[in-house]
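Both complexes below contain subunit A, partnered by subunit B and then by subunit C.
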Partner chain A sequence: MFIYLIRRLNLLITTLFVISIISFSLGHLFPGDPVINFSGHPSLTYSEYQTISQQLALDKSYFEQYLVYLTRIFHGDFGVSFGSQKPIVDDFFRVLPASIELSFYALVVTLVISLPLGLWAGIKNNTLIDRVIFSIATVFNSIPIFWVGLLFILIFTLNTGWLPMSGRLNLLYEVPTITGFLLLDIGLSELPNKGYVYLDALHHLILPTITLAVLPVTLVIGMMRSSVIHVMGLPYIKAAQTKGLSSWQLISRHVFRNALLPIIPQFGLLFNTLVTSTMITEVIFSWPGIGHWIIEAIYQRDFPAIQAALFIVASMMISINVLLEIAHMLVNPLMRKEFNATK
Partner chain B sequence: MIKLDIKHCWLISVSLFYLTGCDLAGLASKPKPDPRLQDGLVYCSEGNPENFNPQTTTSSITLDASARQVYDRLINYNSTTQEFEPGLATSWQTSDDGLTVDLFLRQDVAFHHTSYFKPTRSFNADDVIFSFNRWRLKSHPFHDVAPDYPFVQTQQLNLLIDDITALSPYHVQIKLVQPSSSFITQLTTDYMVILSAEYGHYLNLVDKKEQIDVLPVGTGPFYFAQYIPDEYIRFKAHPNYWDGKSKLDQLIFDITPKSSTRLAKLVTGECDVIAYPIASEMEILQDKAGITLQSRNAENIAFWAFNTLKPPFDKPEVRRALTRAIDLQTILKTVYYGMAFPAKSVIPPSSWGFNPNLTLYDYNPELAKKELEAAGIKAGFEMEIWAPHIERAYNPNSLKMAELIKANLAAVGIRVNIVDYEWTTLRKKLAAKEHDSVLIGWSADIPDPDNYLRPILSCTSAILGNNRAGWCNPEFDTLLIKAQLSENRETRKDLYFQAQSILNQQVPIVPIAHSMSFLAKQDNVFKVNFSAFSAISFRETEKL
Partner chain C sequence: MPQSDIYNEIEYPGPYKQAWLKFKQNHVSWVCFCIVVFFIFVALIGPFISPYSPYYQDTNYVLLPPSWQTAGNVHFLLGTDDLGRDVFSRLIHGTSLTFGISLLVAFGAMIIGVSLGALAGMSKGVRSSIFNHLLDAILSIPSLLLAVVIVAILGPGLDNTVWAVMLVLIPQFVHRTQIVIRDELKKEYIIAARLDGASEFHILKNSIFPNIIESIILQYSLAVSAAMLDIAALGFLGLGAQHGSPEWGAMLADSIDLIYRASWLAILPGITMFLCLLSVNTVGHGLRNALKQRSE
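Coming up: the complex of A and B.
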């Protein structure tokens, strides 16, 4: 158990180390002066240049520079953005809630839709229902998400005019940012007639959420289906059945839980898909989150922002993956057993 | 085979599906419009402004976002009647010798009351002096806040004005060094805005001088509320505007760099007005019910500028050969879809200064190739073309144009790298003269031929303005100065003809097209001021 934790942490630290090396080297590899790339101040006077250069140890060896860079990162100092001339961390945390909000709703939609459908398809294995569900899932799994997004825009926005195609809220509503999570902020604000505002926010949410949920839904349906098929073939299900349990009891007590357990670690994988898809979805629907922010940074050659984004997003993904794995090991006794046995 | 009770399965899945599904169906039906949305207007603009002070820039995005919304000028120019109209000055008078201009100011004009500044007095002569001296005098506390003042410096207004004095709180006298035919016209341009002197003093006290251009305070129809780069700018109606409060409560600039997205947002009603729909989209817009197009005269020029400070582009023969290698007809067809006039000179044919007698460089790749070889450019020579990736009034698609030029140049053995920059970044890099060549352009601010030549080709503009060729020709500059001093139109015309001949001979820039520009809006939006020689204005706009 202890060794397992050490191994996971080792993996985490090594990967973070590699990422920090890459991110650090970008400061030197990007065109332009490293002093400017690291600090984000495009026009410096001679004395400012000297001060910053010394602060960042850019006149010393690469190793020392790297150490200074690490220290800065630990203090949350990624320099300022070329574009906004504000600390990158501030910009990052301004846009982060929008992305989290979108991903969270997509995750909820994913679980609500895909688990029952996967379960149903698994139980009715090799019947018409199974085939219909599974083929639809396969079709949507094969369609690139940006295309789904555009298709949705074409159908629900341009042709029918039912839903808006960009942003989180009609800009004419002025909702003060308190938490950054729009639905919470609307509740906390002092706007009259909040009903209208909520309705507008939900309208804006529908298309991005569904677009983002498409891929995870198909993945989870597939996982759940095969897991259910596997569980259904196991002897204890037969035993439970002979005991006279009704199908409802059988499914809710035995099949659902046991089928869910092995696919939980794969949610880490799901998380990766979700983060990548969030970025694409944000760009399609002009959703002011991380993805949108990074793409704009790339267009504007905002090197400090690109560098920081690479580091922060990558470390977040790795940390969450490792944490998920550890959490799974803690809750699932079978995993521990497997681990001990193969040790 | 296990027998299952189908009913239960149905129940679970359908009820879960229904939970999400019914919500969607309920929301998808159109809600009743909220009255709040009727009182605001969303203008989908094409990019991020650099700041909110027109004095410091010539970028039309910045001008659109500030010149006519946040600020007022002393005198306005009405392009329909072609007459001057009172602005913050109720009347003005030029002395007989042309050296003194007296301006009588409007009383009780309120400045914006914002979250970052509360004014205690109304507009008076101090504000005029503060605003003009900011770009005029190096000793002014705010002069160094901005790196330069490109319009006034290239027009040399800072040298033209000898002194500005307040004879009374509502009477300003401007003394000129020499008579100028266009001084009053220049006062009407987007750049001649009036800032608040009181705000300036306050910022000076708290030592936050930079804030003056970022968080603006003016007397205009709207006050600045919020700006989030890449997302939006929020303006609100100035409740005490001297010319009557705007019919709109809010004005939003929704920053949407992609033209196709702007178009889609106009169709879905998310934008009330959109900037610069491109020519290829005109057909869709013309057929669409509920949308109207407004057009503006082609008072602009798109050109391809060579960095003449960088070899081999410092040689006129190289530039001439490159000009011959470009197929302008195809560019007009594919980039402008016929919505532009071919540019024979920098000055458009509609202007009286246009020289119709220039010998043009016809498209001739064989000759171009020979000339390039003669000039020492070997096959396989590499160069960069920079192109902004947003639409401009004069150029709907610089990237496509760059691709066409790339193909043309490949035919004469030159390899082209297209570098595509975001607008603000591009302008910064151009000012540093890091480019080989760039596809850019110019929109005129006043109906005077001088305004096409001086801001983009004079020696002053090479140092601090929009002379993207970095080209400086003393003979050309002398002609411009002579023309500016002369009152006689025939003499001026003759001088501008000569100046254009020099340009045609030297080709620091290749004129490409004079493009018509458009604005598209919903049918329920009226009175958007979209005319040549002015930034967009929503002062009188109504939404019904």
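Coming up: the complex of A and C.
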């Protein structure tokens, strides 16, 4: 077990190392002067240019430059943004909560919808219900997410006027930012009619959350379905059936748990799609999160911001993946079997 | 089964033919396969049969609805956009841009990815471990983010998108090829070939490759749909094909300003793209099922 953890940690560190090399080389690959790209100050006088160039060791070899870059990352210094001229880390963590909030609700919706449906389709394998669920999942899997967003806006905002089109909150309400998570902030604030503010915030959440959840829902249904089909064919299910368990007991005690375990590591893939979808959803619904921020950075040629975003987002993805694998190892005894046997 | 026929007249289907017969038995995948062939046909000869040039602007007919509506005109089958360009012709040209380019990009990525994957799969020890870590690092970057970063280096435009999407797809092919080669290497017939004294390259070419080609084709179908989504998403964000281009994503992006006045401009490219993606995905599913049934 200990060796396994060390090995995972090793993987994490090496991958982060590779990501940092990629991110470092971006500073040289982007058009423009590396000094400007690394520091983020677009207009420098000659003497300032010299100082920064020496500070970042950009007049020395690539290896030394990379070491300086690494120490800067360790201190959380990614330079300043071209656009706002504020440290990128501050900008990043200002917009991060909005994205996490949106993705979290989408993830909850995904799990609530797709796990039961996948389970149902898997148990009723090769019947009408299975075919219907699976075909609907395939159909929704093929809808481009930006088109779904546009259709929702067309139907629910422009034609019926039920839901708001963009943003997180009506401009009438001014909620002070404390944590950045809107629903928490409303609770912490001292606004007179919190009920209405909550209602408004939830109204704004519905469309982006559903748009974001479409793709993950179809993916998880597919994973869960094939996992359940696999489990249903195993001998212990037959043993439990002969023992005389009711189908509810069978499903809740044996099928569901055993089907859920193997798909935990595949959730890494899910997060990957989630980030891609978040970027597009945030642009469509003008949601002030990471995706919106990155796309804005591209429009404004804000190279330091793109470089930092690549590094931070990729590191977050790797950490999530490694954590999921370790969690899988901890909860799934079948995976531990190999170690215990070889010890 | 006892056969009364003369044995040299019995034809046993080979493994490819078996998979193909299984695939054809499923009607849905067969229909979707026909749709994909139709789209390929349109992508190839579309630019020669489209009624108008995609950039031709007819100022007399601006924002004309599709022809089945009362205000429509049958000369413009699917209506016109805000500059009087025929939507039908633009969709046909968009097929060769979005779908045709996705086919080519996925093919290029397949060639490079499979060769790298074969190298990685056949190698052992430190070399393979370094390769794996590099692959893990690149696979952990969300695909759209990686594409966006490459576009930021090269600058926006459809031709740069092609390179970006190809670089995004290559690691997935490498990963897939490596896994299937590893699986094949463990099987007995490879050991038999090795005992016969076959060289590594000989084993790869004559023993492994014929057995993994179907999984690679399966991965290709996934890659085509991923490439279409990425190309269209970049076009939609204004980082790929530029505004005014008949690429489907760019057409959708252009339609946003007019979505209330002319909803067909947003709906038609979306439906075309949806149909194309759905058929490609269903063909992929059908292929996977056919291969699974054959092995059973």
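Brief remarks on what is shown
Here is the rule we go by: the second predicted complex is superposed on the first by the 330 of 343 C-alpha atoms of A that agree within 3 Å, B and C clash if a C-alpha of one lies under 4 Å from a C-alpha of the other, contacts with A are read in each partner's own complex, and residues count from 1 in each chain.
Just so it is clear, a residue touches a chain if its C-beta (ideal position, glycine included) is under 8 Å from a C-beta of that chain, and two chains touch if they have at least 3 such contacts.
Keep in mind the model is a prediction, meaning the values are calculated, not measured.
Of the two partner chains placed by the overlay, only subunit B lies in contact with A:161; subunit C stays clear of it. In the superposition on chain A, A:122 makes contact with neither subunit B nor subunit C. When the two structures are aligned on the shared chain, A:288 is found in touch with subunit B, with no touch to subunit C. In the superposed model, A:19 lies in contact with subunit C only, and not with subunit B.
In the superposition on chain A, A:304 contacts neither subunit B nor subunit C. With both structures placed on the common chain, the touch criterion links A:171 to subunit B but leaves subunit C unconnected.
Once chain A of one complex is fitted onto chain A of the other, the partner contacts of A:153 extend to both subunit B and subunit C.
Applying the stated contact rule after C-alpha superposition, one finds that A:87 touches neither subunit B nor subunit C. Residues 153, 158, 299, 301 of subunit A touch subunit B in one complex and subunit C in the other. Those residues of subunit A lying in contact with subunit C across their complex are 11, 14-15, 18-19, 22, 26, 29-31, 138-139, 141-147, 150-151, 153-154, 158, 272-273, 275-276, 279-280, 283, 294-295, 298-299, 301, 303, 306, 309-310, 313-314, 317-318, 321.
Only residues 42, 82-84, 109, 112-113, 116-117, 119-120, 123-124, 153, 156-158, 161-167, 170-174, 193, 196, 199-200, 202-203, 206, 232, 237, 241, 246-248, 250-251, 286, 288, 292-293, 296, 299-301 of subunit A touch subunit B when the two sit together in their complex. For subunit C in complex with subunit A, the residues that touch the partner chain are 133-134, 136-137, 140-145, 148-149, 151-153, 155, 225, 229, 232-233, 236-239, 249, 252, 255-256, 259-260, 263, 266-267, 270, 273-274, 277-278, 280-282, 285. The residues of subunit B lying in touch with subunit A in their complex are 2-5, 8-9, 12-13, 16-17, 19-20, 23-24, 27-31, 34, 36-37, 40, 42, 48, 225-226, 228-232, 234, 250, 252, 254, 256, 261, 264-265, 267-270, 389, 421-422, 424-425, 428.
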